[in-house]
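By letter and in written order, the chains are A, B, C and D; residue numbering begins at 1 in each of them.
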Amino acid sequence: MTLPKLTSSQIAWRAAQDIEDGAYVNLGIGLPERIAQFQPEGRTVTYHTENGILGFGQAPPEGEEDWDLINAGKKAVTLEPGASFFHHADSFAMVRGGHLDLAVLGAYQVAANGDLANWSVGAKSVPAVGGAMDLVHGAKRVAVITDHVAKDGSPKLLDACTLPLTGKACVTRVYTSLAVIDITDRGFVLRDKVPGLSVDDVQAVTGATLHIDGPVCDLNVPEV
Amino acid sequence: MIGGFGGSGAPLELIHGLIDRFLETGHPKDLTVINNNAGNGSIGIAAMIRVGMVRKMICSFRRSSNADAFNAAYHDGQIELELVPQGTLAERIRAGGAGIPAFFTPTAFGTDLAKGKPTQDFEGKMYVQERWLKADYALIKAESADTVGNLTYRMAARNFAPLMAMAAATTIVQARRVVQAGEIDPHSVITPGIFVDHVIDIPNPSQEEAMVRAGIVYA
Amino acid sequence: MIGGFGGSGAPLELIHGLIDRFLETGHPKDLTVINNNAGNGSIGIAAMIRVGMVRKMICSFRRSSNADAFNAAYHDGQIELELVPQGTLAERIRAGGAGIPAFFTPTAFGTDLAKGKPTQDFEGKMYVQERWLKADYALIKAESADTVGNLTYRMAARNFAPLMAMAAATTIVQARRVVQAGEIDPHSVITPGIFVDHVIDIPNPSQEEAMVRAGIVYA
Amino acid sequence: MTLPKLTSSQIAWRAAQDIEDGAYVNLGIGLPERIAQFQPEGRTVTYHTENGILGFGQAPPEGEEDWDLINAGKKAVTLEPGASFFHHADSFAMVRGGHLDLAVLGAYQVAANGDLANWSVGAKSVPAVGGAMDLVHGAKRVAVITDHVAKDGSPKLLDACTLPLTGKACVTRVYTSLAVIDITDRGFVLRDKVPGLSVDDVQAVTGATLHIDGPVCDLNVPEV
């Protein structure tokens, strides 16, 4: 049986719904970046990038890129009114100092105590860490956006990470292709699940206990 | 220390001048290079690595679609890597410039990158003690420089440059525009001239991202 | 935390508004005030001390020809003083804003101001461990502010303000000029809006030095 | 007998002669500030003040003061071409980070090992420290400018300071009303003395041994 699941864009859409008006947000390279395009209308969100911009906007049309105006993913961006430039130490003062409302990152693995592994797949690879280890300790909320399981079908949500950690006890919410899960003192708490799946269906592909605490909502996401 | 992040802010003319000198004279070599990345494409730091000038890289992010020069040297064991979280890298460089030999950060606590480093509890949370980073030389790219070394930067090309200018014993700047002292508004100076030793006028600097995309190979 | 150094940068209208509220309602009181100085003349922080709102001052330099309010309260034991070297004060505030709970500085090693603080040897030299400073509120004075809170400052009125804006849970700004978002060049922003919570338009702000020289008394 | 001695301005003049072309210099509040007015012609010196200015110049004419353009002594100043403004943390990064070539401070007492006491006269006073404790550890050279003896005639140059220290082993040269004295591993070394005084005359009002190492020059200072 293939489980019904959200597309990457749909996970990004769902994560975007939780970003409050007026928030300062850092979106990690890759899938998290796509959250910006689903920002609900009427909300003003200010995006931060590690390389020294607050208030950047969408990508410019092809051919109009200015390669001094890029985000941490090296992609060309544009500026919104009220943008500012600053150096890397000030940029990470914003991160480490708790000034961001939200950071959203990708994950290889997330543990029920909030541990995150997203920077190294082990000894054979050439490791790369970027700003992830800073972001997980700085933002007021740290969320993860990821497929529910790895490409080989193994669970990414676990009792304990087996890959090298990015940070300990840092993640507070996980948006997956199957569910929205909070991380609490009790561990994983299921908040939303894809319609048509039972709690047992989601539990079966999760490597740690999913607690139920209040209603579990249907993850109704438009085709995006 | 070499400024730049991704394809923005790399002082390519200075780097390529250094490569030219190495190819002619065999010096400088066995360099330790501090930069956020470990070279892209076949220019700049990637070219320094490829020609064999670099013994050690201190960086936060080495992986990219075209960091082949570093990957090859790393897997051959020809180059040493010190991987530092990006915010810690920035703060260590600032500390080097500000006379702060060590500081505590929550970043990397409990991870492999904090192994062997002192840790301490402050107000119920654990932190890692990190040390300053200094350098003999910083090579950076500025937008405007005046004759006493005051600098401004263009957009996100600022990134690590103001920090590196503080942390190096000798700071060498390539500037797109060199103006007389007094022509930069004192309010707009990002790097005061006290941190700058030499300014070279490079009116039409190369942009790393554009060169990488064009597949240009240096040396 | 209250911005200003000597007679420049004090957010006098905000301070005096706070004094008015205290005189009307009895609140806020028992405040800990962080500022480089401990009040000059009979306005601003000196007036806060005189009316009895301040329980503790954290500052670097209290002595001046007319800091009578502080001197009187200090000798009466009504006010507590934490004296901090000026550079350490600035760095502690920056650390509070940057998520750095502690750092090491050579400043004050072997002096009375380092008594009881941990010390450590780095590379053969002794340093003192200093802790971050944070605050519930920062009151600062800016030249221009835009509608998202980006700030610029006038000349040396900048001093501690950008650091305090980072280190306070709530930052309240009085600005001489409030403009639309986009009207301040992103390169020229000194304090990005992320550090600012409230901006009040005060088009003709008082200058502390001028008021002290004129012998003006507030409250 | 009253010893011949330099005026305060003359001590400042002598200190100014040692400031090299191109130097970045911080002059403490009071007597040290007066050194700037004796800067030898043809030398460019950039003055730093703790409150965030590099490249300030002399005081403006009375009535033309801008009280946002002041030095750490709260005095109105002007700007030289190439000046810059910065915040207090950047200002002390310049100090602590070793970027200043010279800091000149006043002193209550200086010890033969370079200890300096200049911030507190003891328990009864309301103490004030300002930036002095930072300056003594940051600048490449730390000099003191002072009367050779205190107002009561007691020596200010001592084997060990009796007043609370500003910094340990930090002073490298002392300009006094009677002499120029270096601080070396051996202690005080006499370099210049006022003409007409013998070495013994200077030693008699100094609280620690004055070593001789090479010629002792006459302190020839114009009337200023």
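In this section, a residue touches a chain if its C-beta (ideal position, glycine included) is under 8 Å from a C-beta of that chain, and two chains touch if they have at least 3 such contacts.
Just so it is clear, the structure is predicted and the values come from calculations on it, not from any experiment.
If you compare B-D with A-B, the chain pair joined by more contacting C-beta pairs is A-B. Inter-chain centre distance (subunit A to subunit D, centres taken as mean C-alpha positions): 56 Å.
Centre-to-centre separation of subunit A and subunit C, using mean CA positions: 37 Å. Centre-to-centre spacing of subunit A and subunit B amounts to 28 Å, using the average Cα coordinate of each chain.
Contact of a single residue of subunit D with at least two other chains is seen at positions 53, 85-86, 89, 92, 95-96, 137-138.
Each of the following residues of subunit C touches two or more other chains: 91, 94, 98-100, 105-106, 153, 155, 186-187. An unclassified topology is adopted by the chain contact network, corresponding to no line, ring, star or complete arrangement. Those residues of subunit A that touch subunit B in the complex are listed here as 49-53, 66-70, 72, 74, 85-89, 91-92, 95-96, 120, 126-134, 137-138, 164-168. Against subunit C, in their complex, subunit B makes its touches with residues 91, 95, 98-106, 120, 122-123, 125, 127, 131, 152-153, 155, 186-188, 190. Put simply, subunit C touches subunit D in their complex at residues 5-9, 36, 60-64, 70-71, 74-75, 81, 83-91, 93-94, 105-113, 153-163, 190, 207-210. Those residues of subunit A that touch subunit C in the shared complex are 24, 46, 48, 53-55, 79-86, 89-90, 92-100, 137-138. Within the complex formed with subunit A, the subunit C residues making contact are 94, 96-100, 146-148, 150, 166, 180-182, 186-187, 189, 192-195.
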